[in-house]
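Below: a set of structures, written as structure tokens.
Note that subunit A is present in both complexes that follow, paired respectively with subunit B and with subunit C.
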Partner chain A sequence: MRSACAVAVLFASILGTGFAARGEASAKGPINVGLLVPETGPLAANGKDMINAMKLFLEQRQNKLGGRPVTLVIEDDAGVPATGLTKARSLIDGNRIHVLVGPLSAAVGYAIAPYVTEKKFPTLFPIVSSEDLTQRKRSEYIIRTGWTSAQPSHPFGKYAYDTLHYKKIAMIGYDFSFGWEVAAGFQRTFEDAGGQIVQKLWSPLGTADYGPYLAQLKRDVDAVYAIFSGADALRFAKQYADAGLKGKLPLIGGGTFTDEHVLRTMGDESVGIVTALHYSAVVDTPANKKFAEAYQAKYSQVPSYYSEGTYVSCLALEKALESVGGDVDDREKLVAALRKVDLGSAPRGPIKIDSYGNPVENVYVRKVEKVNGKLQNTVVHTFPSVSQFWTYKPEEFLKNPVYSRDFPPCTHCQK
Partner chain B sequence: MTARRAIPFSACAALLLAVPPFLPPYPLTLLTQILIFAIFAMSLDLLLGYTGLASLGHAAYFGIAAYAVAILATRSQASFWVCLLAAVFAATAVAAVFGFVAIRAVGVYFLMITLALGMVVWGLAFRWVSVTMGDNGISGIARPTLFGVSLASPLPFHYLSLAVFFVAFALLWLVVRSPFGLSLQGIRETERRMRALGYDVWLHKYLAFVLAGGFAGLAGALWAYYDGFVSPVEVHLVTSVETLLMVALGGPGTLFGPILGAAVIVLFKNLLSIYTKRWLLILGLVYIGVIVLTPKGILGALRGARR
Partner chain C sequence: MNLAHGSYFLLGGYVGLTTAARTKSFALALLSGSLAVALIGLGMERFFLRRLTRQSLPQVLLTMGFALVFQDLALLVWGGDPYNIAVPAFLAQSVQAGPVFVNFYRLFIIGVAFAVGVVLWLFLERTRAGASIRATVDDAEMAQGVGINVPLLSAGVFALGAFLAALGGVVGAGFIGVYPGLDFEVLPYAFVVVIIGGLGSFHGVVVGSLVVGLLDNFGKALFPELSYFTLFAPMALILALKPTGLFGKR
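Entry: the complex of A and B
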């Protein structure tokens, strides 16, 4: 059976191709930075924002970090955990990179976390916000430069009660952990302050028609809190306005709901939505002015939090590389330097990494406004130096289960 | 096995045994991945190629076994053998239940029912958060130590996968060449005649379905250890379709075809994508080419060229 030989030839060919892709990261010469992002699949557009930011940064630094030239190696994880893990193996086991930046999807983040920990590989998570990755399942080798899902929600819950004077709120959001976590953080502090969450509705990713959900939504509330992103955010805001709810029931939400990645394509229906996030493209810092202008000039669009998060990863990497003198071979030293990073002037404002590997950073309450014919997230309030644990004690915080559909329980939801 | 076949076959096996120690870690993990998907694809081929039943929900059994390993290994620290047995049992049991529903239908209806059953399992994996951890998946599945050898590094784990692969291949080879396997092929060709001859067609199909589920479970159990991570993607339609593609591309109705298909797709996905992000386009073109030019898959083309 000669076809068996074909199988053998194929297996043998792995040898050749395998060798072709290895042995590129050497002690001297360029520092190879791996960027693991979705370039295909539903998250590709956001992955593009990350790649753009990374390329912009390297261009601004003339492709040099810590005195050494830098080579960028981009791998496509398609937003699929197993693919992401295989690609991470290709990058790390294949000896192709010195430091890993990425991914975007939470599931990919969870999939590669045990692997990079086992390999003791310096890894920066610019976007993935799953709470447990810097909490109950934290890793020594993973440093976030983004956020945890509930980090902006905690102060925002308090703000909604104290400043916006809402007493009763109905929630609708993504029916998977990202949505649950963002909503849960808000619920916790809002109810701590004295408010009531009276309804929680969950819809799957990619819901085309929010009609049935909007029909169920309680009308005797002070506001509706929504947590979506991308095309879902676009559709929800539009259908909310079409249902005649805009102007009657104030709409607030998680930061990704009106993040610039979707605000670029939103219309006037989004004006007035109040959300909280650790970034807005119009945050008034000198660093952000420079960053946003350069980004706008190069890509003809405003940066999103995906762009800024990746840019900040680069800044953190630069700072760490400077402190270790460009030595990327001592991984422990590099990781220690990354964990100590203290950025006084990132685009989003000052950032410090806490002892769990998550940034302590400003949280901005933003309101969508139309300025000079363009929509923007105007900052209406700043909470300085917000930790992932808000004002709770980390030890107490970590004793609770991770935020989910059922935690904190919805005690004011009527059946 | 005739002597003519035995020589290349044993050459193949010898190559698979001898080459791994000389491979760098990454290509080695890819080779392991190919072996695991080869088992999975062969199990589907028992249905698609030998019995003529196109299933769109085969990832369900693969995923159920992976979840069984993930849950047992992380929560009860169960040993490798317990996990493996429980996983294969779980996959077989679910296939036995689903088979009752699915085997009643034929053609496109069978396709739809298996699709629906697959989605039910996916829904469970996604929403039964207290057990499956939802979309975050279960991570931290440690590789076992067998007979005093830790399987944590790629090489020993590869040999475990290879051993399981050889066992699965041998068992499936016996099945498809047994009278039972020949009757399956008879059913594929003309179901009505087989029925007229007095064969219990339903039972044959049902047993093939359950067996296929069990072997998919074997692959799923290995996969959970291989990746150390299980998420709803493992039971998703995309995984089912990709496996169907492996079988169709390699050559349905043969055991080597699915292996070839698994190798091509895994390599395309992981090596071609280093050079271009348009690898899906290339895979699509190759697939169309294969379907148009040689409906019997790559293996069919190779055999045809020889004649």
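Entry: the complex of A and C
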């Protein structure tokens, strides 16, 4: 099932290890970083974005972190939980890595979480956004550098009511936890503000024809909220326009719906869609300008949030390694340093890890626009320093069940 | 039983995509995608499957292997990003008829499906080659005995199957797109259609595809929570009542 796993050993300068002045850390040899991503299967393109970002970062640092050379080991999880767990074991026990970065799929994330926790292994999750991984089922050893599914949805729900002046919204999205969570966060704050979610439709991953769903979509609403990604996003946006709904019913949604990973191949049907995410390739920060330019130059592609998330994992790792002096053998110390990471200038803006292991970061409301013939997610509003709990008290937030298909309940949905 | 049939659909879509991007011609995309994959099918039949005549398990394993190889090759050549093929402008538009929006491309897909069905039917029922195929399906040894060139016929039918799957892939690329994993998404539909209709029956396939298409779409519209169920439950039911499928003989 798998292609040959790519083991990329990036050569360190021989001189670097020879200098005694570098301290004892460098005398211990290279730091082994394991990257667990899908290189085959439906998520392969997004996995490639992650690998690209990691390689770009290491190239920019002359392959050195915390004064020690880095050996990168990449394993392919194919987006399959069982494969992911096997590969995580082989990375940790076989390749003797010191820190694990990945995976991409939430299902793989949940599969490896108990294992890395049991091993007390320092692990960075750049993409997986399942709420409970830094909430009710959090692990001391997993630090996220990405987001929780509802993190951008919370401010966006409020924004949709206060600024976009929508009162009634119909929702359609993925029928599994990612879709439910993104939609639920939006529903909660949108209804808190005074709006009404009058319909929630769920479609399975890989729905070829959205016709039956579009036919059921309520027309007497102010906007339609959609949460998809990848090929599904591409299809949904196109079929929404084909059905004559574009321009009649405004389309808004979760950030992955128009993230650069799919915007690259989208057409004009996506222009005008408003979404919220913790990143856009055109976020106006000096760090992003440098990152996006370097990425574009090396790979002839705009970076996606998969790329940026992995790049930020690298930045966090670098920061933590500096504070522990490159000592990766004391796992507890490394984990503690990672949990304290405070990045003033990541591409997406300032990031601080909260005490649950999730970043507090800006959330951007973005609108798809065509600039110089290219589609981009223009930032129209910034919510600074958004926590995964939004303005709710963490203790009270955690007393609720995790966001799901039925929570919060859809009180305004009519049958 | 060819498990690489979904790969033909995928490869057809990708070849069509590249052609459309290079030449800006949708017609050329249809032609090149289908022909390229028909050649691949021909090669598979001639050099591999022919050695496994009437050995269904080795056939399944071999074609499964091919499907995986094609999947990885496609990823290597075209990358993993999802693409939509550019369709001609007159097909891309929609018109409003009362409360209903009609997208021309959907009509085009229905038209192509109908045309392919009619042509296939005429071919199988009204031509000498079609009669030979039906004879071979019923009894290959007997067909060989009366002078039908069965190996040649098998290769031709296999290539035709690959051609049609790829044609579907290019047409489908304008609607559902082309992306990694598409191959194994369309494969179950093909199987369900054939199983419901009954192996080796053309009428069965026609009825099967209508049953599957209608049940799947109305099922999703009426019971959105049961969208996986609506596809496979009818299949299970039909198999329980009539294990050979609606029109199957064996």
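In this section, the second predicted complex is superposed on the first by the 387 of 415 C-alpha atoms of A that agree within 3 Å, B and C clash if a C-alpha of one lies under 4 Å from a C-alpha of the other, contacts with A are read in each partner's own complex, and residues count from 1 in each chain.
As a working rule, a residue touches a chain if its C-beta (ideal position, glycine included) is under 8 Å from a C-beta of that chain, and two chains touch if they have at least 3 such contacts.
Since the model is a prediction, treat every value here as computed from it, not as a measurement.
> Scan A:A215 for contacts with subunit B and subunit C and give back first, second, both or neither.
It touches subunit C, and subunit B stays clear.
> Between subunit B (first) and subunit C (second), which, if any, makes contact with A:S404: first, second, both or neither?
Only subunit B is touched by A:S404; subunit C is not.
> Answer with first, second, both or neither: which of subunit B and subunit C does A:T265 touch in the superposed model?
The answer is second: A:T265 touches subunit C but not subunit B.
> More residues of subunit A in touch with subunit C or with subunit B?
Of subunit B and subunit C, the partner in contact with more residues of subunit A is B.
> Going by the contact rule set out at the top, does A:T40 touch subunit B (first), subunit C (second), both, or neither?
After superposing on A, A:T40 lies in contact with both subunit B and subunit C.
> In the superposed view, which residues of subunit A touch subunit B and also subunit C?
1, 3, 40, 175
> Tell me, which parts of subunit A touch subunit C in their complex?
Those in contact with subunit C are residues 1, 3, 40-48, 175, 201-204, 206-209, 211-213, 215-216, 230-231, 234-235, 238, 242-245, 261-262, 264-265, 267.
> Tell me, which parts of subunit C touch subunit A in their complex?
Residue positions touching the partner: 68, 71-72, 75, 79-84, 92, 94, 96, 101, 103, 105-106, 172, 175-177, 179-182, 185-186, 217-218, 220-221, 224-225, 227-228.
> List the residues on subunit A that touch subunit B in their complex, please.
Counting only subunit A, the residues touching subunit B are 1-8, 10-15, 17-19, 21-22, 39-40, 75-76, 80-83, 85-87, 89-90, 93-94, 106-107, 110-111, 113-115, 130, 132, 137, 175-177, 404-405.
> Could you please specify the touching residues of subunit B with respect to subunit A in the complex?
Result: residues 4-5, 8-9, 11-12, 15-16, 19, 22-31, 33-34, 126-127, 129, 134-137, 139-140, 154, 227-229, 231, 233-234, 238, 254, 256, 259-260, 263-264, 267, 269-271, 273-274, 277, 280, 298-299, 302-303, 306 of subunit B touch subunit A.
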